[in-house]
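Both of the next two complexes hold chain A, though its partner changes from chain B to chain C.
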Partner chain A sequence: MKTVIAGLGAALLSTTMLVTSVSAETIRWARGSDALTLDPHSQNQGVTHNFAHHIYETLVDRDVEGTLQPRLALSWEIKADDPTVWVFKLREGVTFHDGAAFTAEDVVFSLDRARSEKSNMRQLHVDVDSVTAVDDLTVEVKMKGPSPLYVNNLTNTFMMDKTWSETNNVVEVQDYAAGEDNYAVRNTNGTGPYKLVSREVDVRSVMAVNDDHWAENKPAVTEIIYLPISDAATRVAALLSGEVDIVQDVPVQDIERLTGTDGIKVETGPENRVIYFGYKFGDAPLKTSNVTEGNPFNNPLVREAMELAVDRDAIKQVVMRGQSVPTGVANPPFVAGWTPELDAYPAVDLDRARELLAEAGYPDGFTVTLDTPNNRYVNDEAISQAVVGMLGRIGIQVTLASRPVAQHSPLVTSNETDFYLLGWGVPTFDSAYVFNDLVHTKDGSYGAYNGGLYSNPELDEKIRSLGTETDLAKRDATVAEIWQVVKEDRVLLPIHNQVLAYAMADRITLPVHPENQPLLTSVTFAD
Partner chain B sequence: MLAFIIRRLAQSVLVMLFVALIAFVIFRYVGDPIASMVGVETRLEDQEIMRDRLGLNDPAVIQFLRFVGNAMQGEFGISYRLQQPVTELILSRLPATIELAFASAMIALVFGVVLGVFTALKPKSLLSGAVMSASLIGVSLPTFLIGIGLIYIFSVELGWLPSFGRGEVVDLGWWRTGLLTETGLKSLILPAITLSLFQLTLIMRLVRAEMLEVLRTEYIRFARARGLTQRAINFGHALKNTLVPVITITGLQLGSVIAFAIVTETVFQWPGVGSLFITSVQVVDVPVMAAYLMFIALVFVLINLVVDILYFVVDPRLRVDGGSSGK
Partner chain C sequence: MSSQDMTPAPAPGTPAPVAPPRPTGRLRRMLDSDIFYSWKRSPVTVIATFTALFLILMALMAPLIAPHDPFNPASLNLMDGFTPPASASAFSDNWFLMGADNQGRDVLSTIMYGSRVSLFVGFMATLFAVVMGMGLGLAAGYNGGMIDAVIMRVADIQLSFPAILIALLIFGVARGVIPANQQESMAIWVLILAIGLSNWAQFARTVRGATMVEREKDYVAAARIMGVHPVLILLRHILPNVLGPVLVIGTIGLALAIIEEATLSFLGVGVPPTQPSLGTLIRIGQQYLFSGEWWILFFPAMTLILLALSVNLLGDWLRDALNPKLR
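This part shows the complex of A and B:
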């Protein structure tokens, strides 16, 4: 209450004193965890990027619709006479927080740093051959082959100042093994809309608006106090008691109650992340099944029966309390290649499912173990529990094995699971990202999360062609063909797209960002 | 005396080594730290590079020896999660935990003794009955429930006290204290009460039992016969004699308070070593987990060592034993 009065007082004072200027507004922003590091290239992790986006900037980024928009780059295109070269025109007159000018040299430096061996952003730039500065405001990125979608990989690659990095000996990214910490882990010098004022890891970080920022519209929020609160109940209580203004990670079960609370509102929106189940393919018997000859999952009839038995709408209503978007395709709606036809899913039909199972040779069903994470996705374990019950109705006896993600994830990457739940976000907003990791045969850098070892050589060829196809119409057609096969073959059992919910004080509006990376520059205040 | 201390020290070292072994074995098998460090979208070959760099591909024995060697120099490596030296992280979080632990120990001691004496002196009063029943709740309710309950009453409904954090802090050299600011003190109240409830109940029941015991003894009856005032008997004689075990227990429990602060710190987002540990467990930040376990073991070993030595000083019988076996 006291703070509200103080805030009101401050707002009144500033409006009366400085008629032309926007009133000073502090936002206390609570999340479940803190940014891991301030070094922009050392962790490819959502919370860390979200924090960094306020201090550092990328060449391009995405708005709340998921559309690519210019940030430090004003334009980007493939060079007319060479399909392997990307040309970026940079924004003029941008300065770093220490006053240094932002130039093409800094972009070259940052991209090289981001693709260096110790960088965690490296994977997004593996196809880069070399980066050169043509003039002060033009950068050319030479790829190893035609890479028509490379620009999508740049939305979380932040630009650092070359001189500052050299002065402070942070040309290289933090090396864990070296046993010392890097200056860039705790200090920043970006071009972003906010400057870091202070930071106490896991406790609070304070950012103040950067008056020299290039954007014409100055943000309404002039000071950000970032407060990690790990316990969900405490986080919600802090919002209820008025000690924080925005809670970004709202537990599903609290959404309804918060919506009904005076002075608080909840913004919801779809996240760019799909939750699905994966099967083990191949002829070898499953490790956890009572079927000792052959693999029931390898039979398309069984997969069809399972899809008919899973009630996605019930999962939405009961498990997710309405906060999910059921889907029939393992591709979020933001991603190029998504269509309403693919998204449609069949109605539950238990009789037909039982018939299919009998036809497949399993009239009495079979047993299998389902591996699920329990701390990674929204209600992940509860979703799996619901599916166990639903499959039980057609005679498939599922045993649930629930583990923290640290133990679950290796099961999938080392192909040790017969049946598993996983979520997939698509940071490039392109279907190839899904195909490369989930559908392509596990081989080298392909199929890393194809834990069921699905393999279809015909699809593999098409998937690989996407990487270098420069004719976008042809490429889209190929994407559609691949999705058709993936859906008809029921390679994955998609359940829903996750929904994000941000809770905030009534006077504030922060729209949901599909990658869960809202910028507080987008906050607006009600009068 | 010296031989006894040396023997105790040797035992302590053995215990620490054993804890180190357990810490190492458990943490080697709690999951893949890489998986939680990099998130699901990182390519496997990059994960392999990281694994190699962190030495996770070396044989277990080598990893253990490296761990012990470094631990002896107070060197626990770099936190996987925060990329900062672990020793520094723990030291920077320690003041918060120690202040919380001492505040709650004080609450537990003061209220425990007062209520214990009261319930012992007036066993039949209605208030005593109420206190005894309430104390049962204090023991049986889980800490996080008490914490959340207090937050809802005092922060959300009444708005008197902060629901999370440590308030404003003042840097005194390397010690960051919250005891010198108003918000700091206000922030301390709820977590300290939450953490103290269990110990408070324990001390209260101990004092009450000891007090009832002592009140039945000959010398109290004799004191009454001498015509001393009730006050002098109760506090000058009875209470004094109950305090020896109480002080021992409180001392020993201080270790537990520091160790059990984990839940309280998490509920109140108290930036101490306990919440650091929990966050680290969630992402399998092995260096921090190992260092924390070693630290807690050290606290217990040190407290026990001090208690042992104190006993040795106080109790002559131990001294005779120690002397004879030392020959």
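This part shows the complex of A and C:
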């Protein structure tokens, strides 16, 4: 994995050096869906952020290898005499699209807005106590306690102009769920490399290059036409017919065909997202099972049997057409805390699995319903269907309930499912993000996606200690201990890490971004 | 509109249309009938009948004749996935006449089992629509007045929306009402309800019109004078005389219901993906057109076309055969 990433990085570096920027180039960029809103703090959602990153900018962001890069902040460090304060030095000479200068006041305003009541970005700033401007180019963020990894939470928090926001009455964040609308939903004023020219929601948005942008290297793409095309086959057809230049969401089965087509190439790379199955824990009988005494999933032998029955390699080869990286841990390799030992997974052993089931008291298996989304992850429904067949072979009869993600997610967050598929991306690149939401007992701001209600007080204590531990070596050791328990206890049943594929016209190169948030400034053209 | 001469109505003075001179068996009578004659004369209808019968028999006998059992997930081998037609899997001893789909299911067996689901939903939904439409149509046509006005205005409103839209609406509401853990087992009945409810209006309209004609006839008046209960008049006297047109639109309605089921399943709101109907198979198959695995889409789609077309042709022929003006 490491070599793949390094190779990709090297390839990118060499192409960047070879190619000089070409004059006036328009790129037609097709995706499966549109940005939900342009209000930068209203929705914490990948497609929305991806769009916004072209117009607005963050203090820091990540390159294609996942390393933090300076963007509007030139440097960030914990204050020498106070471990609870982060100091950010800002880039000089940055202006917003309307000409106003970008200053520390704007950062204070934006961070306060991002952690306000209606903001969807709130959970990332939950440990912030106050934000103050020291001078025009220095900002101090006071935390509630030592938060050595806070800077990782800033990669999707965009900076707005305070004056513009006040003039246009958008100091408050749009309440998306309540169907609210405001000026910032359709109008933008960022510092980013592109300016919004026109926007028709769900149809077409046009962006033009910002000539006053601070970056020394001007982007090769001078105009972006963004086209949401929801049907996968139509999207691919549009690329084949030359109607669009880049398709970001390519179905795995079409990669081979596109690769073999003259004039089209496909860039693939690992995504920072793991696909896994979750179980319902606890002693109460499952809602959808024929076992009315106790919960079979609560028995570690059953979970072991299920892991031995699932053939991850077959899923990779047939369902994913080779476009996945099977894994034995619910943690992508990008994330601190991942190790090859954790990643290893057992070989399929149906006889042993049947023995374990019999030992657990279910020689004839049992029935249960599996809830799966059908429009969120790559081939999500097909993966679930395959697992239904594999579990059927050891006697576990699974009924498949397939729903769009809008109906599936609430089932998980409200603990109404017995057995479910979910994908987990880790924007902070740190294991604590996985533990907080998936492993910690459901309690307040913890365990939001722990839909199976797994609870281990000993682990909870360790997980909470990660937030304020300043000794990073000790913290790493704690992370390793937690993963060991999570893996041995089989809290989750990980299947694979997703692989992304972008298809594009031959003359263009857009490298795959591990969070699936590529910037079109990184597009290069062949001569 | 009147189909009096076709049916064993007690209307006075109407001789039986075919009066065989010698006593014969039922089969003999059927073979001598006008209907059979017109059937025999139309090669298209003969072919359509045999195609429909063949597909229905294939669906009915699926568990006996299908080479695999695609509804038993445990019997599938994922590694058989995408095996082309008329070839053996590279990973197992399985041989597939029509190829294997993305889950390693035998396409031929999946079509046989899938047609069962499609036909079952089609028949049950049409039956539901016929019973409901006929009941409301009889009531509206016989009573007139307020009852008629209310029922027919509801039917008018419903007819102004596409059936598929109404089915989607009913499906959505049912999904909200039924508890999550029963949704999968109830899915097929919800589908039948949704399609049935979206199609009753045209039956109600036809039956109402025919009932209003029959209501004025002497035999109904006679029955009424004799003090027969209105419900009995409707069921014993009027109903048999309005059945002809219902049979015609029922047959065409069956083809529509099968297509409607396929559409709903294609949109992903129908039966669970582990028990696919023809529409579900087409939805799965269309994802693999660009990548060249044409058989996953082609065979289910051809089956659906043949089924809908043959039933439709039968309905068309029946309409003409039962129309006295065309004789």
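As a working rule, the second predicted complex is superposed on the first by the 499 of 527 C-alpha atoms of A that agree within 3 Å, B and C clash if a C-alpha of one lies under 4 Å from a C-alpha of the other, contacts with A are read in each partner's own complex, and residues count from 1 in each chain.
Convention: a residue touches a chain if its C-beta (ideal position, glycine included) is under 8 Å from a C-beta of that chain, and two chains touch if they have at least 3 such contacts.
These numbers come from a predicted model, not from an experiment.
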| item | value |
| --- | --- |
| First, second, both or neither for A:L36, with chain B first and chain C second | first |
| First, second, both or neither for A:A401, with chain B first and chain C second | second |
| Touched partner set for A:S409, first chain B, second chain C, both or neither | first |
| First (chain B), second (chain C), both or neither touched by A:L472 | neither |
| Which superposed partner A:E256 touches (first chain B, second chain C, both, neither) | second |
| Which of chain B and chain C A:V203 touches, first, second, both or neither | first |
| Dominant contact partner of chain A by residue count, chain C or chain B | B |
| Partner chain(s) touched by A:A233 [first = chain B, second = chain C, both, neither] | both |
| Touching both chain C and chain B, counted on chain A across the two superposed complexes | 233, 237, 240, 404 |
| Chain B residues within the chain A interface of the complex | 30-33, 35-46, 49-50, 53-55, 75, 77-78, 80-85, 89, 144, 148, 151-152, 155-156, 159, 162-166, 266-269, 271, 275-276, 278-279, 282-284 |
| Touching residues on chain A, where the partner in the complex is chain B | 1, 33, 36-37, 39, 42-46, 117-118, 120, 122-123, 126, 174-177, 179-182, 185-186, 200-204, 227-231, 233-235, 237-238, 240-243, 375-376, 403-407, 409-410, 413, 422-425, 427, 445, 448-449 |
| Residues of chain C touching chain A in the complex | 72-76, 78-79, 81-82, 102-104, 180-181, 183-185, 268, 272-274, 286-293 |
| Chain C-touching residues of chain A, taken from the complex the two chains share | 232-233, 236-237, 240, 251, 253-254, 256-257, 287-288, 311, 314-315, 317-319, 369, 374, 381-382, 385-386, 388-393, 395, 397-402, 404, 411, 416-417 |
